[in-house]
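Going in written order, the chains are labelled A, B, C and D, and every chain counts its residues from 1.
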Amino acid sequence: MAEFLALSEAVRSLINDGDKVALEGFTHLIPFAAGHEIIRQQKRDLTLIRMTPDLIYDQLIGMGCVRKLIFSWGGNPGVGSLYRFRDAIENGWPRPLEIEEHSHAGLANAYVAGASNLPFAILRGYSGTDLPKYNSRIATVECPFTGEKLAAVPAVNPDVSIIHAQQADKAGNVMIWGIVGIQKEAILAARRSIITVEEVVEKLEIRPGAVILPSWVVTAIAHVPGGSFPSYAQDYTVRNNRFYQDWENISKERETFLAWMQEHIMSEAESISVVGS
Amino acid sequence: MAQTLTYTSDEMMTVAAAQMLKNNTLCFVGIGLPSAAANLARATHAPKCVLIYESGTMGAKPTRLPLSIGDGELAETADFVIPLPEVFNYWLQAGRIDVGFLGAAQVDRFANINTTVIGSYDKPQVRLPGAGGAPEIATCTKEVIIILRQNPRAFVEKLDFMTSVGHLTGGDSRQKLGIHTKGPTAVITQLGILRPDPETKELTLTDLHPGITVEQVKAATAWDLKIASDLRETQPPNSEELEILRALQSRSEGRK
Amino acid sequence: MAEFLALSEAVRSLINDGDKVALEGFTHLIPFAAGHEIIRQQKRDLTLIRMTPDLIYDQLIGMGCVRKLIFSWGGNPGVGSLYRFRDAIENGWPRPLEIEEHSHAGLANAYVAGASNLPFAILRGYSGTDLPKYNSRIATVECPFTGEKLAAVPAVNPDVSIIHAQQADKAGNVMIWGIVGIQKEAILAARRSIITVEEVVEKLEIRPGAVILPSWVVTAIAHVPGGSFPSYAQDYTVRNNRFYQDWENISKERETFLAWMQEHIMSEAESISVVGS
Amino acid sequence: MAQTLTYTSDEMMTVAAAQMLKNNTLCFVGIGLPSAAANLARATHAPKCVLIYESGTMGAKPTRLPLSIGDGELAETADFVIPLPEVFNYWLQAGRIDVGFLGAAQVDRFANINTTVIGSYDKPQVRLPGAGGAPEIATCTKEVIIILRQNPRAFVEKLDFMTSVGHLTGGDSRQKLGIHTKGPTAVITQLGILRPDPETKELTLTDLHPGITVEQVKAATAWDLKIASDLRETQPPNSEELEILRALQSRSEGRK
């Protein structure tokens, strides 16, 4: 059953150094505030999992929290590079970054397998690509009925999955709507979970297209309005495209990045999640 | 008349790509030029072209060009929104998508794509974003259209990394790998349009944009580019297309 | 794109003798009217697929339409036996019935594989049971990462899938809500599809928990109000539990069954779907 | 006092099953006695027991007993409703369900279950409905409770068909097959309650319903039934339980 905690307490009690952690949200509902709290608490040696690392993983990587990254697309959407991600891979700064690289279809299915308690997933994927040469976690299985060869990827089962949602009710049930991405599977695949929410309501009114995560599968809920900034929470906040574009110049150089993080993230309390709005 | 219009090379590419999209097709759209082209097509000759963004927004009808594939505008204007496993399994892998639009950092003569690294994988000179949805878009959509700017660093003799397959080593090598979709049918650049030879599958310059010379295209290609015997000139953007495209872009909050 | 057809025309033009046909709807939204039309048109040698054969398959089997049945639970829910199903298996009447038998989890995943264009599905299923001894379509695959053995079932890809839905809009998009079962996967797995609907509306207003089947994946839509009787369409009709109980006596003996079918199904037009209501 | 109450043997079974359900447990419920027992538990000592029906109705709170697992009442009173693949993959297979309630046509001394055929599979004497969700409920819920009426045709030396596994051949044979859940922890009948021996896993009579003798239970069992040394008497239904159960049943449109 979900417990309502302050975000700092949830991060402190549920995330250990060395854990496999997934912060999910496909462009929409990215849990930035939770990521910032991980940075502030200086968690170390994390294996981070995320289809699209986005700015939040750029920040986590640049601040030295990350040992390994499992991902499928590491760019600043519509803008360009993630410079801290690049700097870690190209130059090992601030520390070398091990990577396990998939396609979206592969990683999405790895979450599905994780949510289903299966050790692996099959897909028609990676055909002819170089990815399996560099990622031993992409294998082949043969269909026992047709003999066809299919790609296989191992299940993803994070120690902790973290998402941002629009609403929780007082019983700890959570609802997201709009672009729902892979969040349901990320939570169901995880051993523990933290969900930051825009609003706590008396009772959820189920919306069209909504995903419900019942209290039974949620470990901790933190009430963090604006907790996905500069991403967004449909019907609560709008995506700050300007910040995504500004990130290019903030993050390109190590010094400007560190200065920005120091000023806007490290020295602030949880409310930092709305900086720049 | 069209000759008197001024337009950028990006506009030329976008309009050429839009013209390839037929009405009533399901189109898997990436951000940037593909999104601009698909929305231009929808606003002109292909009003029933269905735009599917990787984020699961099915039938999105944005009135401005989104910065990301997950902008709120896409979800709000979509017919419906589906979770990611359904995007990749029930729609893409199931072969329901007619056209996939892909960008690239590098392409080779068989329209294979690199979006992963420049240099070696283990010690890259430039680490690029990686695969995203591209490897399965490249094999599961009925047809693929590639859009990128042409220069010798992009149109290379050998890819630094094979991220998504085009026609592999040419001929029937794609089919031999068990892939039954058409693969890339056109590569649209700021200079012209390249299409695979029906037999060898080698990319061949079939269309030159107005004012561009064959020499310019050859100079922008690192391999010895084949030229079609019946080389055509692309239809330039007309004033309606430019007006609609510019209006779409002017409404884009996130434009650079 | 979906075409609006009379049900008789849809069944005539889309279902051939010998086809693999799935009529789905898990207790809710069972497409009885379409099944009755198949009986009236005397389609033969069908391979029928359905998780819970229910009364509609009892009728199709008893009327000699069926060569083979792929299923996972063949009873009259909450009542007892399906006597025509039993008579076919136990006594070969009116013709021998070949069966391919699964568990619910196996058959549900077979539909998922079919909808996903995969040749098979994997699950933790059938462990220790006798089912694989009698069904060669249950196999084993080994996880290439952990070495674990998992069950595998071949994808189900019907020639025609048939469902009943609450609403279609004029563009041919279809919506179901309430218990949504395996209908989305059944339609997506099929080469062709027929959907009977309670109502045709100008524009769908998406409901909470609804499943949308866009026009692009639907072959034919027929407007058949009450087309799931004695099953039901939530917010339109209620389940006629009495009919399910009465079916016991109607169907127990061949003669009473045939007489009932003759009187209520064979001699009537499409509107028969509401007999007994 | 309870002795003066009159109740049927079905009521005794149902109340005994209800008493086994703890509060705050997720319970996978089939139709008939399991559904009655789970709803009785919810109405008495376990108000937060979450009822999950195979149809995907999560947290159903029916005010009358449904005839089928898909009655409208279940969907309308559920917290939410999910598609079948999620029921079986994300919930059942994922091991999130605490208790699975199963019925049976036959059980053997290790609580293995047959719901498929009486006689041979290829030429059955009686064709039963088959597996449904049972094989995976039997292996994926944390614990299984079996409810069926006891007689020598049902409590057999050897199953005609193994539909769903209990403790297989006893001992650690279930674990050896790679199944890590507890399996059947109780078999509730109209005569008493049988539980697996902690070591051998052989079903042993541990509880007798009031007024029933050990001889009656042995006579209703085709194998030589073991009797617990500390045989207890089941608590009989109390008046509140009977009143609530009968009210649930009286409101059931579909009752026979």
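Note that a contact is a pair of C-beta atoms (placed from the backbone, for glycine too) under 8 Å apart; a residue touches a chain by one contact, two chains touch by 3 or more.
Since this is a predicted model, take the numbers as computed values, not measurements.
Identification of common neighbours of chain B and chain D yields A, C. Once the centre of each chain is set as its mean CA position, chain B and chain C turn out to be 41 Å apart. Chain A and chain B have Cα centroids separated by 28 Å. Among all residues of chain A, those that touch two or more other chains are 117-118, 123-124, 148, 184-185, 206, 209.
Residue numbers of chain B whose C-beta contacts span two or more other chains: 80, 89, 93. Interfaces, counted as pairs of touching chains, are A-B, A-C, A-D, B-C, C-D. Interface residues of chain A facing chain C in the complex, by the touch rule stated above, are 117-120, 122-124, 137, 139-146, 148, 150, 152, 154, 206-210. Against chain D, in their complex, chain C makes its touches with residues 26-28, 51-52, 71-75, 77-79, 81-82, 85-86, 89-90, 101-105, 108-109, 111-112, 123-131, 134, 148-149, 178-182, 184-185, 209, 211, 232, 234, 238-239, 241-242, 244-245.
Residues of chain A touching chain D in their complex: 1, 115-118, 173, 184-185, 188, 206, 212, 214, 216-217. Remark: chain B residues 24, 26, 50, 58-59, 79-80, 89-90, 93-96 touch chain C in the complex.
On chain D, the positions that touch chain C within their shared complex are 31-32, 54-57, 66-72, 74-76, 80-81, 83-85, 87-89, 92-93, 116, 121-136, 139-140, 161-165, 168, 174, 177-179, 253-254, 256.
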